[in-house]
Amino acid sequence: MSSQIPAFIIVVPLLAALVVNIAGWARRSLCFPTAVCALAAAWISTIIVMLRVSREGDIIYRMAGWDPPWGISWHIDHLNALILILIATVALINIVATRSTAAQEFPDRLGIFYCLYLLFVTGVMGIVITGDVFNLYVLLEIASLSGYALLGMGGSRASVSSLNYLFMGTIGASLYLFGTGYLYIATGSLNMVDIASILPTLENISLIKVSFVLCLVGLFMKMAFFPLHTWLPNAYSHAPGPSASLIAPLTTKVMLYVMIRVALTIYQPDFAFSQMALQDIVVWLAVIAIISGSILAWKQDRLKRMLAYIIVVEVGYMAGGFWLGNQTGVTGAVLHIVNDAMMTLCLFLTAGAIASRINADAFKHLQGLFRRMPFTMTAFMVAALSIIGVPPTCGFFSKWYLLSGGIEAGHYEFTAALIISSLINVLLFFRVVEISYYEPFDNHQENEQQGIQEASLDMLLPLLATAGLLIVLGFYAHSLVTWIIEPAVSSLFTGSL
Amino acid sequence: MIPIVSVKPLIAVLVSLAVIPVLISARKPNVREAWTFAAAFGKFAIVASMVPAVMAGRTLEFSITTLFAGIAFKLEVDAFGLLFALVSSFLWIVTSAYSIGYMRGLDEHSQTRYFCYFAAALSATIGVAFSANLLTMYIFYEILSLSTYPLVTHHQDREARSSGRRYLLYIMVGSIGLVLPAMVIVYLLAGTLDFAAGGLLAGSLSAVPALFLLLMFVFGFSKAAIMPVHAWLPAAMVAPTPVSALLHAVAVVKVGVFCVFRVITEIFGPGMLHDFGYGPLLCAIAAVTILVSSFIALSQDNLKRRLAFSTIGQLSYIVLGAALLTQSGMAGGMLHIAMHAFGKITLFFCAGAIVVATGVKNISEMTGIGKQMPATMGAFFIGSLSVIGLPPCGGFISKWHLAIGTIEADQLIMLAVLLLSSLLNAAYFLPVVYRAFFCTESESLFANQIKEAPGWCLAPPVLTAVASILLFFYPQPFLGLSRLAVTRILGG
Amino acid sequence: MEELTTLVMAKYNYWGVVILLGIGLYAMIAKNNLVKKIIGMNIFQTAIILFYISISTKYGASIPIIHHGHGHTIHPADYMNPLPHVLMLTAIVVSVATLGVALALAVRIYNHHDTLEEDEVLSQLTTDESTQA
Amino acid sequence: MKSFGLACVVLLCAALIYSTMNFPDWGSLNSPASEHVSDYYIQNALEETAVPNLVTAVLADYRGYDTLFETTVILTAGFACFFLLRRYRRKPPPYRLYRHIETGVTLIIEQGGKEPTESEEFMRIDSQWVPYDLVIQKAARLVIPFLQLFALYVIFHGHHSPGGGFQGGVILGATLILLAIANDLRSTTKRISERISAQLASTGVLVYAGTGALCLLLGANFLDYSALSRLIATDPVMARSHGILLVEIGVAIAVSAVMIWIYYNLVSAGRHDEGL
């Protein structure tokens, strides 16, 4: 039975989603507990899988008992296991943190909200764990569809921006499917490892190059990489609190994982980085993404829109870091996936807490927040320092790897962009701090007796736990890199799958 | 000498952090102050307990975790670090006593927050003093700049907002914009960031990149307030006086200079800088700062701004000492950290006492105050003697070593700069004292209805004034430590 | 001329797919009405389904159902390639699901804005925002 | 904006057409796609799963995990439509239409007026005036049972002839939608309530995932039907065939229920009162 643990990661949330729907119609109170137990079980199994992978090496799980090229198989190495743990942690923290706001926001359809929540988590976990190219497309669609629904339920603008997100997302997913079609024509197989072994033997390289470009453009669209990011700010800023703080930290990061998996596992690093003359173009695109994202973030006057543009900047970090081509850059990108997911979760949870307490999002409503919501704002400060890259927090360490990767690879424009965007981040976040730290200068006393309107406890504890996690991740960044990321990256580069 | 592995440095850093939860939970202000005192004494006791071991030539170290391959989050207590830690932990005791009087005198709001951030700032300062490599120092440097932001903007009014913005801009731009990339480059070149006796990069760098790297570090550590990046210091004077006393005279600015000193001596190393001839260049930068800031100080009417510009000048003495790359030059620089600290903190305490007692901030309104507040102005006089560098006070010893250092490095222009700036110091300090005491009855703006500052605000300046005199006669712990540190650096 | 016809005969299905793809993409970009955009999206997805199906055909092969029972040797050339058909069953279901969600969002927009023209919706939103701010 | 869009679309198509040059010819026997994995399926599927219809064999067994998530995609669409559109607040419509059956007279009852009870005499019709279509109603009543019978045939005969869970399920769903279109939405929701269709949808997928989990409990990998041989005392190959059938039934239930559920929500924009 113990060899079946990997299957629990996907099966348990899926079965839970079904049970929640069936039970939800009967008794509404059952939904939340089932969902939390399912996510907790999935979280535990991801940790067990991680331990097994670090002990016994990669796990190959044959679905329905068929060997890889014939049936679908999972190929779990260090990278998969790490991202799985990340997703499970983010989902678990978020479901516990947003219990009250979800009940407040979707009073009559809470059961279905948790079904969509669980299906989104199943889809995202499935994307990370699968070893089959077409199966990845199906799971991509599950995650996207539940994402469109969760994001579409916000204010008046939410359905328009969600429809826009649907169009862009579908074009992206279909381009990915079209790219895999090219691959299928050239190799005849759908299993990643099998394709990787057939590709070098083929002679017409131009077909493979076109398939790589198609897959990449599709993934860039899903990842909101700079020129194709227009859907992200609207989709995330008009979304309801609980769904934004679930989807924002996960979708873009998982798409980045898919890019890493496709580029390094299927197309092998020497093809992806050297034969395709893509490296300079993508790094320059990342530089433009970082600079213009930061400037656009500076021009926003609403908190969530600013955070959305910061996500676009972070995607620029990770994509640029990966396309530097050397091991330090890729290590930085992977570490930044982990750090940025936690940072974005912390930021969006604070935005959700503030919105639930003051139901306003514009900067001018955030006056005197440090006094009214001290703990939420301390968590916001920790996340802000982490995004800026101040040492004790985890953001510094991934930025360090990206910087040294940039210098090693000779892409000094990427290093300069990183520094400039960190400085703009300082301005961004300390503008919010200034607004919330300094009460309006005239009525200092009048604010005094308003007292503390702190967010409810069941939202505050997970929020503070996330903030604490950011600092713990900072201290254990080195062990995280040596034990998990280094072996993952080296196995990706040597292609010893 | 094999280093002793002991947890003392970590406790020294953490003792003030540990007291923060107690401060927050303290009900009555007296309990809170008592705990702050306890923390201050505890920290000084731990730091002092390490003096004999270090004087015997050994170093204590404690490694917490590894941050990157080849860099650990490690604390190491050596002579130079201990000297700086001794000064700041002793003066924290004095300042916490002073801030009780000051805060109560002006009944400032949210004092608990003030004491907590003060404790955090101090633990960061000691952290910088005891850091074993450039990255640990950078981490504590960042924590210090973030924990002092709420202190600088304590009054939360419009002026505090703009000066806080300027304070953060200079420091964060310097640290993230210049120091971070420079550190990454050094890490890529040398594989580690640990401080090496003869200089980490000795010989592994050609002339031009070394210059760029050096300037990035020197102007990156903007807390050292070297001329182009000094503007945040006068702006930070908007903070309550104990903050500007301890932080902007002793802790924060000295941290900046300490980092520059470490980088010059232990990352680049005297040998390499000497071969490339960058010593005189650094001396020139320091000299420019000394002279220009002294001239500006002459024109400042607000007492605290005048003291601020004088601090900028004095800091560049220390950078000058480091840049001379000679034995007594460096020793003079190190000594000046201690001597200037005692002198300048007395001056800031007196300025605060005047504000508490009379509410007067500008020098032009201080004529004749000496008769009403003899003790404060007496301490002010001794403090200014020490900062000018005249014999009875400690400042003389450090300037004496600096002068010998300039001769050893045969840079006589620097000697001239040293003497000229001492004259300028006298020019902007002594008129204040003269006008306070020796004015005729009619000019005195203070009919004798005001009296001395309250006891808590009076005892600390007198204590530090006496201490700066004692330092002239018994400079022993600092002199020995600085000599030991210099032999370690030059000895290689 | 002769090898041009063989070229056309051998590749015209792929060209058909690409042209359909272009039509779908253009409809999604240029059309103003939301439902027309949704139709364009559907054309785009159907083009890719046709692309996969055209991969599976073999000249002179019958549908992939083994007509005689056990015991006979089975020559792959007799039967079409079953895999793309399986994949495209999934892709059809996915496109239907996306169509459903897109129409649901369009209905929601119509309920709120009483129009399906994108420019009218956007102008209403900007006026709402300006009044709100 | 339009011309720019047209330009880049044309550019993209030209590039793609150029790239199709080195595709294998259409229908060629030795193209890589039809050699590597598909040959294995064609030659071994019959022995390994005892299902002559290769597509069903590959669909439900070799790539069963894919199909599980395919059904989940449909379920997600159902959830999404419900989540986005469903509105419970009973905002009564401004007026209601009632038709007197014998005379064909239509009564318009304003809000708050006394509404005749739905009986032999009166029947409620939609506000978009619905023509008196006896022919369609009767024809539909006649055809629907045979359609449903054919749907069941398609579901259960998926092993030997083209068809299977999806096709059968859709036909099943279509019959009920035909019923809703012929009469009106309210009569169909009375026959199959939204709650039943939602729960049926989940039960269908639960049947599919349940069989997979059952194999898991029996020690084999997820969705490995050969493990069922111990339960139903047959050799593993026949167990696979029965597993495929069980799974096809699950898919059929799920697809038909979701089709109805999506129809209910889309057509009445979530109010489930008046619709197509």
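We call the chains A, B, C and D, going by the order they appear; numbering starts again at 1 in every chain.
Note that in this section a residue touches a chain if its C-beta (ideal position, glycine included) is under 8 Å from a C-beta of that chain, and two chains touch if they have at least 3 such contacts.
Since the structure is predicted, the reported quantities are computational estimates derived from the model, not experimental observations.
**Q** From chain A, how many touching-chain steps at minimum until you land on chain C?
**A** Each step joins two touching chains, and the minimum needed here is 1.
**Q** Write down the chain pair with more C-beta contact pairs when A-B is set against A-D.
**A** A-D
**Q** Please find which chain has its CA centre nearest to the centre of all protein CA atoms in view.
**A** It is chain A that sits nearest the middle.
**Q** Could you work out which chain's C-alpha centre is the most distant one from the centre of chain B?
**A** It is D whose centre lies farthest from that of chain B.
**Q** If you average the Cα atoms of chain A and of chain B to get two centres, how far apart are those centres in Å?
**A** That pair's centroid distance is 44 Å.
**Q** Could you please state the distance in Å, as a whole number, between where the Cα atoms of chain B are centred and where those of chain C are centred?
**A** 70
**Q** Nearest whole angstrom, what separates the Cα centre of chain A from the Cα centre of chain D?
**A** Roughly 32 Å, centre to centre.
**Q** Quick check: how many Å separate the C-alpha centres of chain C and chain D?
**A** Using C-alpha averages as centres, the distance is 18 Å.
**Q** Enumerate the residues of chain C that touch no fewer than two other chains.
**A** 21, 25, 55, 83-84, 87, 90, 94, 97-98, 101, 104-105, 108
**Q** Counting only residues that touch at least two other chains, what does the list for chain D look like?
**A** In chain D, 16, 23, 31, 33-35, 37-38, 41, 63, 66, 70, 73, 76-77, 80, 84 touch at least two other chains.
**Q** Give every touching pair of chains, nothing left out.
**A** Pairs satisfying the touch definition: A-B, A-C, A-D, C-D.
**Q** Which residues of chain A touch chain C in their complex?
**A** Per the touch definition, chain A meets chain C at residues 134, 137-138, 141, 145, 148-149, 152, 156-157, 159-160, 162-163, 166-167, 170-171, 174, 177-178, 181, 184-185, 190, 362.
**Q** Spell out the residues on chain C that touch chain A in their complex, using ranges where they run on.
**A** Touch list, chain C to chain A: 21, 25, 28, 34, 37, 41, 44-45, 48, 51-52, 55, 83-84, 87, 90-91, 94, 97-98, 101-102, 104-106, 108-109, 112, 121-122, 125, 128, 133.
**Q** Considering the complex alone, what residue numbers of chain D touch chain A?
**A** 16, 19, 22-24, 31-38, 40-41, 61-66, 68-70, 72-73, 75-77, 79-80, 82-84, 86, 88, 195, 198-199, 201-203, 205-206, 209-210, 212-213, 216, 219-226
**Q** Report the residues of chain A in contact with chain D in the complex, numbered from low to high.
**A** Per the stated touch rule, the residues are 1, 4, 7, 11, 14-15, 18-19, 21-22, 25, 61-66, 69-72, 108-109, 112-113, 115-116, 119, 122-123, 126, 132, 134-135, 138-139, 141-142, 145-146, 148-150, 152-153, 159, 182, 184-190, 198, 204, 206-207, 210.
**Q** For a test of understanding, state which residues of chain B touch chain A in their complex under the given definition.
**A** Listed in rising order, the residues are 65-69, 73, 135, 138-139, 142-143, 146, 150, 153, 156-158, 160-161, 164-165, 168-169, 172-173, 176-177, 180-181, 184-185, 187-188.
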